[in-house]
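Chain naming follows the written order as A, B, C, D and E, and within any one chain the residues start at number 1.
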Amino acid sequence: MSEPIIICRDVHKWFGNFHAVRGIDMQVEKGEVVVIFGPSGSGKSTFIRTINRLEEHQRGQIIVDGIELTHDVRNIAAIRSEIGMVFQQFNLFPHLSVLSNVTMAPIWVRKWPKQKAEEVAMEILTRVGIPEQAEKYPGQLSGGQQQRVAIARALAMQPKIMLFDEPTSALDPEMIKEVLDVMTELARSGMTMLVVTHEMGFARAVANRMYFFDEGLVVESGTPDDIFKNPQEDRTKLFLSQILSH
Amino acid sequence: MSAEIKAHPGMEKPPTTSVGVLGWLHQNLFSSLLNSVLTLISAGILYLLGRGLVKWALTEARWGVITSNIKVLAWGRYPNEEAWRLGISLLIILAMGLLTWALRRGSLTQNARRALLTVWVLSPVAIVILIHGITLPTIATITNNLGYYIYRPELMPLLGEAWRASAALLVLAFVAGLTCGSVSKRTERLLSLAPLLALFLFTLPLGLLANGSLFGFDLPRLLPQTFALLVGFFSGMTVGRALTSIAAIRWLRIGSWVAVLPGLLILLTTFDVGVESVAPVEVLQIIEPNIWSGMMLTILLAVVSIVASFPIGVLLALGRRSSLPVVKGFSVLFIEVVRGVPLITILFMAQVMLPLFLPLELTVDRVIRAMVGMTLFTAAYLAEIVRGGLQAVRNEQVEAARALGLSEMLVTGLIVLPQALRAVIPPIMGQFVSIFKDTTLVTIVGLLDLLAVGQSVIKQREFLGAVREVYLFAGVFYFVISYAMSVASRRLERQLGVTEES
Amino acid sequence: MKPSTNPFSGSSFWSFWRDTRFLQALAQAIFLLLVFIATRWLIGNLLEALDSRGLSLSFAFLQRTAGFGIGEGLTFERTDSFWYAYVVGVVNTLRVIVVGLGLATIVGIFAGIALLSPNWLLRSIVSAYVEVMRNTPLLVQLFFLYFGIILKLPSLQERITFGSFSLSQRGFFFPRLEPMQSFTLWIVVVAASLLAAIVIFRVLYQRRLLDGVETRPGLWALLPLLGLPALTWLLLPEAPLSLDRPQLDGLRMVGGAQLSPEFAGILLGLVIYTGAFIADIVRSGILAVPKGQTEAATALGLSKFEVLRLVILPQALRVIIPPLTNQYLNLAKNSSLAVGVGYPDLYNVSSTIFNQSGQAVQVITLMMSTYLLISLAISIVMNAINSRLKIVER
Amino acid sequence: QPAEPEVREVKVVETQEVRVVETQEVQVNVPVELQMESERLAAIKANGVLRCGVNSGVPGFGFLNEEGDFVGFDVDFCRALATAIFNNPDAVEFRPLTAAERFTALQTNEIDVLIRNTTWTFTRDVELGTDFGPTTFYDGQGMMVRRDSGFGSLNDMDGATVCVLSGTTTELNLADAFASRGISYTPLVFDKSDETAAAYDQGRCDGLTSDKSQLAGLKTTLSDPAAHLILPETMSKEPLGPVWAHGDQQWGDMVRWVVNGLMIAEEKGITAANVAEKAAGAPEDPEVARLLGLEGEYGQLLGLDPDFMVNVISAVGNYGEIYERHLGPDGTDIPREGSFNALASDGGLIYPQPWR
Amino acid sequence: MSEPIIICRDVHKWFGNFHAVRGIDMQVEKGEVVVIFGPSGSGKSTFIRTINRLEEHQRGQIIVDGIELTHDVRNIAAIRSEIGMVFQQFNLFPHLSVLSNVTMAPIWVRKWPKQKAEEVAMEILTRVGIPEQAEKYPGQLSGGQQQRVAIARALAMQPKIMLFDEPTSALDPEMIKEVLDVMTELARSGMTMLVVTHEMGFARAVANRMYFFDEGLVVESGTPDDIFKNPQEDRTKLFLSQILSH
């Protein structure tokens, strides 16, 4: 077994008095694809956001690529530039062209010269299948295209880890596939990925491990085979039967 | 509605009462009894007013008060023979506006954008220099002054100026040390010492002259300067070494030289030692702000407070939304107090109270004080407008930017502000219109803006009591500019509305 | 499995200077320090400046005799104190603000509605008015109004008169009702007949509701309401109210009531100016009410006026209030331009007090706090109205 | 009359001399007076101009002519001072000030000297941190009314509306004058004299009150000057003269003696026309010789050129010439003969201290 | 055949130069339910709105209950108070409670005392099935409830005729039924109704006659049976096939 690139030990998070994440332990190896699923409000987003400190965890330990997340600004900056994140609502920057969306972070954070950043950006845009949209603005693209730009934007920083928070749930059915294809290709290329999703087809195809969250806890985890064919917990069974019935 | 597209075969022409002149009259003026009555009343009022006005304007009004005083109204006490400077400034402003307008339409290339930004930053400086005039120190002034400052500080006309020499040396040596410590090549290191060296080469002869002989240095007198030199240089060197690894060190170096040199010049040459031959050369005749008057003052007041209030307003808006309670509290207090009182009280304060808060030896020109007052006033209003824009930027945008690893500063500068400002262009333009109109209030505190000059030309023998003419003229002047600004803003708003969403 | 680097390195207490919490605290401390230094510097300069000319920061000078006169407002003698002079100024300012707010609102509502009139001519005239007012400085308007129009009216001797009303460059004069001795008795009768009228109205109204017969409650109630006071008026030996007509007495008009040119100037100026802004607000408020509302109300058979009053305006009001509050605040602040036309308002009197006493800091502090209080009061009232009017949503 | 204490002059002389000796030791091209004189004078010299607070709206005293230049009685004293310092009557930066601003301007160092119809009063001298120089014009507050109003004296003006400038002693004197006569009035107060006069001219007020000298000037700017008259009563004493900030005695001395010099010049019959000639010859009158720098080191003591009064007089003329130019029949026409402003020898109050 | 309560003869309407209604003839008997349908932009709304003069017709004649619609304000007022109208977008008054919405017109137009108006209003609200919502505000109701309040508001004036302009097309499917039920009940109770709708089930069930509009003209009219089973015109057939295929 190789070196774990993400180590979470007993991670807790409260919102006011509400205990949203109630002690998560997780280790992710380099190149692994981990899928997290569970009912709404179970703390999936909150947990995944603690990993790049969009939320601050209040107990436990998170170590990414050997660096522990503390209040230390340098660590936070270092970790964030190693992790790419893709959101449900795309969150592209509407005032910038697609190309500028993608090159912004490399230019300002990695300090690449603009030319290099643009070359890399075009490469990545080609990889996600939309090189011809580079000069457009996000408002002019379809949802699926926007989400692919968002993935490209994250990839442009050449991150070691990618986090996805329900990347397809705001999309129309015909666009879901184009985004999942890109993600599958990414997984195949050896990227370490943490994906919150309910696309079980995707999970079955590429996940190394799956975690089922409920009420801020990991109820069950295992390989897709374990989870789909042989779930141990009643809650898992119930939830799977609900989402697979669609 | 797209009548053409929807038109179908067999369509008939509408009845004449709904189209054409008759239809127009019917629909717009006489569609009902009440409407007809209103039409008649309005027409009556319009006729009476219009007739009176036209008759007065054509026969009674003494427009001579405007025509023969047009120069006075335009630039007041500014010397006529220097008025070309105002013309050029105006041209610069116009050109800038046109350029911006023209470039806005196409999507800007990076270079065009940068050029535009440079123009925007540099042109105010150029205008200020043009209008105010400038004296430039010659080599002779510099060496002369530096020589005295360094070797005979006690000869300075105003006691207490001697520290300038030490302070200047300290800073200069620090920057030189910083450079020396952070560059790698040997030649570059030597080069970084050049300014210090030059300083001595230039001033040594004078130092010698001042002290009578080569060996007549009065060491105790030189002690502070020597001390400053050594401390500055070595601390600079240490810092420079420590920072070598930082990526931005190159910019830091260039920046510090750029920042320090003019500062040193000011520090060391503002007071000349009274020797005619080495006085700074007046390249452009200096025309003190308190001479600025008329339309020119009006426009300057408006432009300066608009340009200067913008960054302050943005900072205040950011401060108000800051998570740091102290900063937030300060911003809220400032914004609310300024917005709660009339502009005239702020101007009054700038005129009579501000000087009390400054050291006695520091006097700030009245016009400058008014500019400061108006700037702070506008800044508070702008801050509230910008805050509205900031609120319109969704938090997800911030999160996305943070997740990319951008620092908080970059998140604000690259993501939040551009979106926020774009959203509030129309109200900002509205604020600019209102500040332009508000410049008239300086009349009350005794500045000679267009309105005040207008009031004083009515005192001329032959135009006594030509009150209406002058105020009408002023009114038209303000109206034309304000209205143009509102129209431009409306158009901008429409354009933005079209491009932003899709 | 072991992480390659010790996870605790870089996180222990000694790198506290990179800790976000520490950095935040530091930033605040530095900011506070800067503010403190700046304040200290400013205050230090102030104290030095005051010291060098023997001034103090005490407000005791307000008790001193003012020595000057004030032309308008509460009665003021030269022997009164600075403080009382200040009060006179405040009252004068409040007078302008209160009357101005009311009138500007009325003008604004009418002009705003006219902006939406189907009548092209009316609409054009009003929109020209709005544009001209909005795009020229208030001070220019005030000067034009005061020096160009009011002061060009005929002199007192040649005043324009309509009965006991007269207009001249010295102001607008009109009669005033003066209560006489029998007034107390009469006012009691008026009150009693009002009471009677209410009782009659309610009784008849109830009967109409219950029995369904037309009882004409309004008509019957009107009888005592008007009849009784009129009767007593006639029966009383001396009319309870007499008309106090203004009369020329030497240099001035005595008796009656008057509107001074300065008050009229600042008031009219503010009303016309602010009215234009309010008109625009009213217009966009009305436009913000969906067209379907008008159609639905019209389809119900409501008249145009009823549609406006019952459906459009109440809804438009909710959109209008926040920007209207701003305009109210502006009017209050703009009232300080009264100094341009010589009206002794808060700013004008403060400026005189400052000149006569030399106490810049105190006078300006006092003046600014007063304006702040006025602004605050307006905001509080308007916010209260606004929150009461919120439309209930799901 | 505020006579200068002799003692102080002596002291000044002593210290000056000591310093002069020291400066001569230093063989650099720093002007001698640099270290000795008042700080303000040094600063003025460094600036190259004198900053003088003036009125911009009173014809005869301080007024902006069609070319945009300042002219007037007060303005000429500014020019005189500039000539004394720089030998250049144009080395002045005029700062038009409102009545409200003038003391602040002085106190905050915005101007070097204020020569703007400023009345010397107790509070201003003692409380406001200012010092007053020799009175250049003895004025009194008066009241201008329309001829057709039929007013012959203040006593007729019961119930009148009076236009007055905000924040002046005038405003206070007005209240006193009416109160002492037991009659009432309504003040109409403006911040600027332009507006005050405009309101009076348009008939808004029955009377316009100000210093009589100003009234005479303002009268000429009314639409029909002949239709107005100035009532005989004088409501107050208004000695007007230069004012400077408290604290720099040497600077005050300079201002005082330039003004005195102009008055002495008139006494001695030195005019702009003949001053050069007198300075070239050897005047018999020792005071004239001292005044023109032919005897003694008076100029140096003030930090000025020895012949500074020659420059001053040739640039602006003597006191009488200045008066004649702006307030004489060709100017605003304020009769001098028989008034306080005549020379003491003619029965007036112009009585300069001796130049010795 | 009884007296027609609505008589339209050659009704024309132009918007500027655009001829929206091009000569409609229609007579509606008392108690009849007439359904108007046709493609979007065919002038259905415009025509129905000329009947209570929300639009002014520019040629032809409209006589309602024996009163001709002219510029005479008195006639207009009289006709409007005889006709109730229900809109697609409900157009309830959001600042008034449900009860006030319903009582407003009776109080101000009919000059009923408030008490009487409220009694009647409560009756009608009971009839449309929402008496318990009387004190709520429109913003607090569902779409179906709002449209029922709108019907109640129109009925409160005790009109002789009711106009409906696509009353259900802004509603979610579950709510359409509750509104159609109220309308059916109303039709059964003998109200004269002019309904613009594409709810063909409703038309089949309650309409006496149907008019098919296209390009501002009546293309075809007849009983529901005629129209559904035996349409004469090609355009009608095409349109019906389109909307029934859903």
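Rule of thumb we're sticking to: a contact is a pair of C-beta atoms (placed from the backbone, for glycine too) under 8 Å apart; a residue touches a chain by one contact, two chains touch by 3 or more.
Please read these numbers as outputs of a predicted model, since none were measured by experiment.
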Legend entry - Set of chains adjacent to chain C and to chain E: B
Legend entry - Least step count from chain D to chain E, where 1 means the two chains touch: 2
Inset, instruction - Could you say what rotation angle superposes chain A on its sequence twin chain E, using C-alpha positions and rounding to the nearest 5°? - result: 175
Legend entry - Geometric centre: closest chain by C-alpha means: B
Inset, instruction - Farthest from chain B by Cα centre, which chain is it? Let me know. - result: E
Legend entry - Label of the chain whose CA centroid is most distant from the centroid of chain C: A
Inset, instruction - With chain centres taken as the means of their Cα atoms, state the distance from chain A to chain C in Å. - result: 58
Inset, instruction - Could you tell me the distance, in whole angstrom, between the mean C-alpha positions of chain A and chain B? - result: 46
Legend entry - Whole-Å gap between the CA centroids of chain A and chain D: 83
Legend entry - Chain centre separation (chain B, chain E; CA means) in Å: 62
Inset, instruction - Give the residues of chain C that touch two or more other chains, as numbers and ranges in rising order. - result: 49, 52, 147, 152, 339-340, 351, 354, 360
Inset, instruction - Would you mind listing the residues of chain E that make contact with two or more other chains? - result: none
Legend entry - Residue list for chain B, restricted to those that touch at least two other chains: 352, 355-356, 358, 360, 444, 455, 467
Inset, instruction - Determine which chains touch and list them pairwise. - result: A-B, A-C, B-C, B-D, B-E, C-D, C-E
Inset, instruction - Name, in rising order, each residue of chain A that touches chain B in their complex. - result: 52, 54, 77, 80-81, 83-85, 87, 89, 91-95, 97, 104-105, 108-109, 111, 114, 137, 139-140, 150, 153-154, 157
Inset, instruction - Flag every residue of chain D that touches chain B in the complex, lowest number first. - result: 26-31, 34, 39, 42-43, 45-46, 56-57, 64, 66, 68, 93, 95-98, 100-101, 104, 107-110, 191-192, 194-195, 197-198, 201-202, 221-223
Legend entry - chain B to chain E touching residues, read off their complex: 1, 3, 6-8, 10-15, 17-19, 32
Inset, instruction - Could you please specify the touching residues of chain B with respect to chain C in the complex? - result: 27-29, 31, 35, 38-39, 42-43, 45-46, 323-327, 330, 337, 339-345, 348-349, 352-353, 355-360, 433, 437-441, 443-444, 451, 455, 467-468, 471-472, 474-475, 478-479, 482-483, 486
Legend entry - Interfacial residue positions of chain E with respect to chain B in the complex: 12, 14-19, 22, 41, 58-59, 71, 215-216
